[in-house]
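One structure follows; several queries about it will come next.
Chain lettering (A, B and C) follows the sequence in which the chains are written, and residue indices restart at 1 in each chain.
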Amino acid sequence: MAERVTQEPDRQEREAQAATSAVPSAGSDGQPVALQTEAHGQKPAAGTREAIYDLDDVGVTYGSVPAVREVTFPIYQHEITALIGPSGCGKSTLIRCLNRMNDLIPAASVTGKVSYHGQNLYDDEIDPVQVRKHIGMVFQKPNPFPKTIYDNIAFGPRVLGMDGNMDEIVESALRRGALWDEVKDRLKTNAFGMSGGQQQRLCIARALATSPDVILMDEPCSALDPISTGRIEDLMLELKENYSIVIVTHNMQQAARVSDRTAFFIVDLKGEESHRIGHLVELSPTEKIFTNPDDQRTEDYVTGKFG
Amino acid sequence: MSAVPEAGLSRKVVERASSGQRTKDLMFRLALLFSVSVGFVVLAALVLDVMIDGASRVSLDFITSFPSRISPESTGVKSALIGTIYLMVLCAVFIVPVGVATAVYLEEYANRDSRLSRLIEVNIQNLAAVPSVVYGILGLAFIVRGPLGLGPVLLAGALTLGLLVLPVVIIVSREAIRAVPSSIREGSLALGATQWQTIWKQVLPGALPGIATGVILALSRAIGETAPLLVIGAATFARFNPEGITDRFTAMPLAIFEFISDADTEFRAAGAAAIIVLLALLVVMNAGAIFLRNRYERKW
Amino acid sequence: MEATSAGATGAPRPDLYRTRTRRSTGEAAIRYALLAAALVSVLTTTGIVFSLLEETVVFFGDVGVGEFLSGTKWTPLAGGESQSFGVVPLVFDTLYLTGIGLLVAIPFGIGSAIYLSEYASPRVRRILKPVLEVLSGVPTIVFGYFALTFVTPEILKGLGLEVGSFNALSAGLVLGVLVLPTIATVADDALTAVPGSLREGAFGLGASRMQVSVRVVLPAALSGVVAALVLGASRAVGETVIILVAGGQKADLTLDPTVAMQNMAAFIAAASRADIPTSGPEYGAIFAVGTTLFVMTLVLNAISIRFVRKYRQVYE
């Protein structure tokens, strides 16, 4: 746990900022007190978990083409929530709403409410840069920067102006990313020289270095071999002790192996122009989804009848 | 476009693919080869012609002596070479920030469909096609006289040439910026970096080799330009070096122009020698650009 | 930003709201600074138009628009009675010189393009294309020197032609070589954009490479090739120094390529160096001719952009 100490000042500072913020947040009244007292890093008893996200009737359209509609579900702290469904069901689109990465696509527009700790992320007053500071993301294809391993990790802390010994921050992040032992002797070599699996773990470690609260993973293993995939799944299980994780995957086994809760999406044709629009079928504990789902379509999908 | 002449390739053609057709094919091929060789033959002839006329005049004395109106044997290009180097540096100071900033704005900030960015884009396209002599008129009316009123000095020359080659820098820089994969931007933004931090620390370093190549190409075009400098009234003959950016100046193309326009054709050898000096400078710059491209260009 | 301990160790409720930090103000400032830089190019165009029009309007006060556009005698720098501002000969000479240039540049430029895109192996292409680009990077003053000291005395006179030391033929031919690479590279881009499937279809019918090139690829890329030609023409129309050095200093209405000719750009350069008062119509003529040249190249450029768009629409 030694490495956790190094991130403590940053966390405190952030809280201090939050406490002194002049702008009262819209959802502050509805925020349960329990959340404030829940010890960070301590696994709360099952069933008493707090929702960090509350999605309320969320829809995304690209230009005039709808991609996903009417999504309502909560995401709980210190859990792994998997989003599964056939391709085109909007699960990748949806996960990109959770840290406002959709902003990068000018034509994308989001309706409904994506509440994060009671604050609607799509409020006019919300700063997407602040959002992404708290909510890290790992992408489908490993995307290390064309820099050294060290600089890849240090990039986030540097741009955020984090205090502390950079060497320690880097080491701590690489340890948490289960990569330290493999790369500690070549921190100053280019990250492009790593294997695909190592690159992806580097990207995870890079996200951890800025001490986020949530990590979003958009099909993080789709470009990796089974062994690398296994290592990343192990890593995810370790990380959920301290972080909340949302993962998009089209690998059902992966969802079954790692996630606590699974949201199943489906795509259907809508309207005269037959747009393919995704929507949520059900969100349940993973075990239930795979053994005794509420919806027939979920059962058909997980048993391989379609998709 | 839709009427791709498949009809022209009717059966008749196919059946006649005989010896007549083969001769025609061969002739066509030879004609094409001849076409390609025209460019090369002229390039070779041009270089040879200049070498034969001027090589014997190129010497250290030639580049360290001021020009002379009387003696073709002792004339030199000192003031012109220094003027050209000053122009190049000043021009770079102007076009690098403005050109790269424009490219960054258009690629990273502007909404592609907004009227403003379309206006800017069409405008740059058109500017790239405006004859250089017209930039000379702009320089004359706006920079040398008129609002800025600088007179025909180094700064005026550098600004005029800078405006002339700015589209080159913008176009090449945009390509280089576009070549940086969006996954790099996403990775950076997802870590909480601001847009500018992402551009400054990830996009621009990735685009740097391409941008540098573009800047060198633009500068090599700028220092070869004659017409705009003639129009703004820069000296073609100067027995002095510019000492500051508000001093009068001359430049290599102008010195060449002066040498070869002289009624005394004895000066043409000096003109050829000056051309050799200018071409050597351009070769060094282009070699630098190629080196940069090969050494640092990233395969994403 | 004092890091006062917040005491609570619970999961934070992060502050995600926009605040006016130095970071966010900086971001906004940078955006405007970049926009300002982007506007430099718009200002350049505005500046060009203003600088041309201001003096042109004054000029047309002295010399009527009709006299300028329809007069057939162009002697603006001559004194007294013989001074005349009819731009027709100057425009004619400009087009005539461009025409000679295009006679060289079109066949050889398109021939080069076809060779590069349809015949050359990738390796040969990788060598040939940069050399063509080198040719287009040679300063035009060097081409001027070449026309004046080699093409006129060695080639034209060598062939027994009775040409003056300044003549349209030499200047025009070298002008053609100058724009050849432009035409070749732009046309090559258009030809290579034609999808391979079209070629394969024709080869499948038993067509020879020549037939494929001339009857399938060239027509399919026609708008792109036309764009290349127009671009080349626009460059030839605006070229200054070759004509100034090798073409001569007077513009007459003549079809004789062996005598001196001047184009609009060369007139601008020559007149701006001449010892003329900055208030008279001689000075204004520089701007009036500049305006004419600017409009001509603008039109040519607009046409070429049109054609480029057309072929991009088809294949991209």
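We adopt the following convention: contacts are C-beta pairs under 8 Å (C-beta built on N, C-alpha and C of every residue); 3 or more make two chains touch, one makes a residue touch a chain.
Everything quoted here is computed from the prediction, not taken from an experiment.
Peer 1: Thinking of each chain as a vertex joined to the chains it touches, would you call that graph a line, ring, star, complete, or other?
Peer 2: Graph shape here is complete: every pair of chains touches.
Peer 1: Looking at every pair of chains, which two share the most C-beta contact pairs?
Peer 2: Per chain pair, the contact count peaks at B-C.
Peer 1: So which chain ends up closest to the centre of the protein, judged by Cα positions averaged per chain?
Peer 2: The chain sitting closest to the overall C-alpha centre is B.
Peer 1: Measuring from the mean C-alpha position of subunit A to the mean C-alpha position of subunit B, what distance in angstrom results?
Peer 2: 48
Peer 1: Centroid of subunit B to centroid of subunit C, CA atoms only: how many Å?
Peer 2: Whole-Å distance between the two chain centres: 13.
Peer 1: For subunit A and subunit C, what's the span in angstrom between their mean Cα positions?
Peer 2: Their C-alpha centroids are separated by 53 Å.
Peer 1: For subunit A, write out the residues touching at least two other chains, lowest number first.
Peer 2: 129-130, 134 - these are the residues of subunit A that touch more than one other chain.
Peer 1: At least two partner chains per residue is the criterion; list those residues in subunit C.
Peer 2: 23-24
Peer 1: If a residue has to touch 2 or more other chains to count, which residues of subunit B qualify?
Peer 2: In subunit B, residues 194-195 touch at least two other chains, as defined above.
Peer 1: Going by the contact rule set out above, which residues of subunit C touch subunit A in the complex?
Peer 2: For this pair, the touching residues of subunit C are 1-6, 8-19, 23-24.
Peer 1: Per the contact definition, I'd like the list of subunit B residues that touch subunit A in the complex.
Peer 2: Subunit B residues touching subunit A: 111-112, 181-195, 197, 201-202, 205-206, 298.
Peer 1: For a test of understanding, state which residues of subunit B touch subunit C in their complex under the given definition.
Peer 2: 1, 4-6, 8-9, 13-14, 17, 21-22, 24-25, 28-29, 31-36, 38-40, 42-43, 45-46, 49-50, 53, 97-98, 101-102, 104-106, 109-110, 119-120, 123-127, 129-138, 140-142, 145-146, 163, 166-167, 170, 194-196, 217, 220-221, 224-227, 230-233, 253, 256-257, 260-261, 268, 271-272, 275, 278-279, 282, 286
Peer 1: Along subunit A, where are the residues that touch subunit C in the complex?
Peer 2: 9, 11-19, 21-23, 25, 31, 35-40, 50, 52, 77, 116-119, 121, 125-127, 129-131, 134, 213
Peer 1: Spell out the residues on subunit C that touch subunit B in their complex, using ranges where they run on.
Peer 2: Spelled out, the residues of subunit C in touch with subunit B are 23-24, 26-27, 30-31, 33-35, 37-42, 44-45, 47-48, 50-52, 54-55, 104, 107-112, 114-116, 119, 128, 131-132, 134-135, 137-146, 148-150, 177, 180-181, 184, 198, 201-202, 205-211, 213-216, 219-220, 222-223, 231, 234, 237-241, 244-245, 265, 268-269, 272-273, 278, 286-287, 290, 293-294, 297-298, 300-301, 304-305, 310-311, 314.
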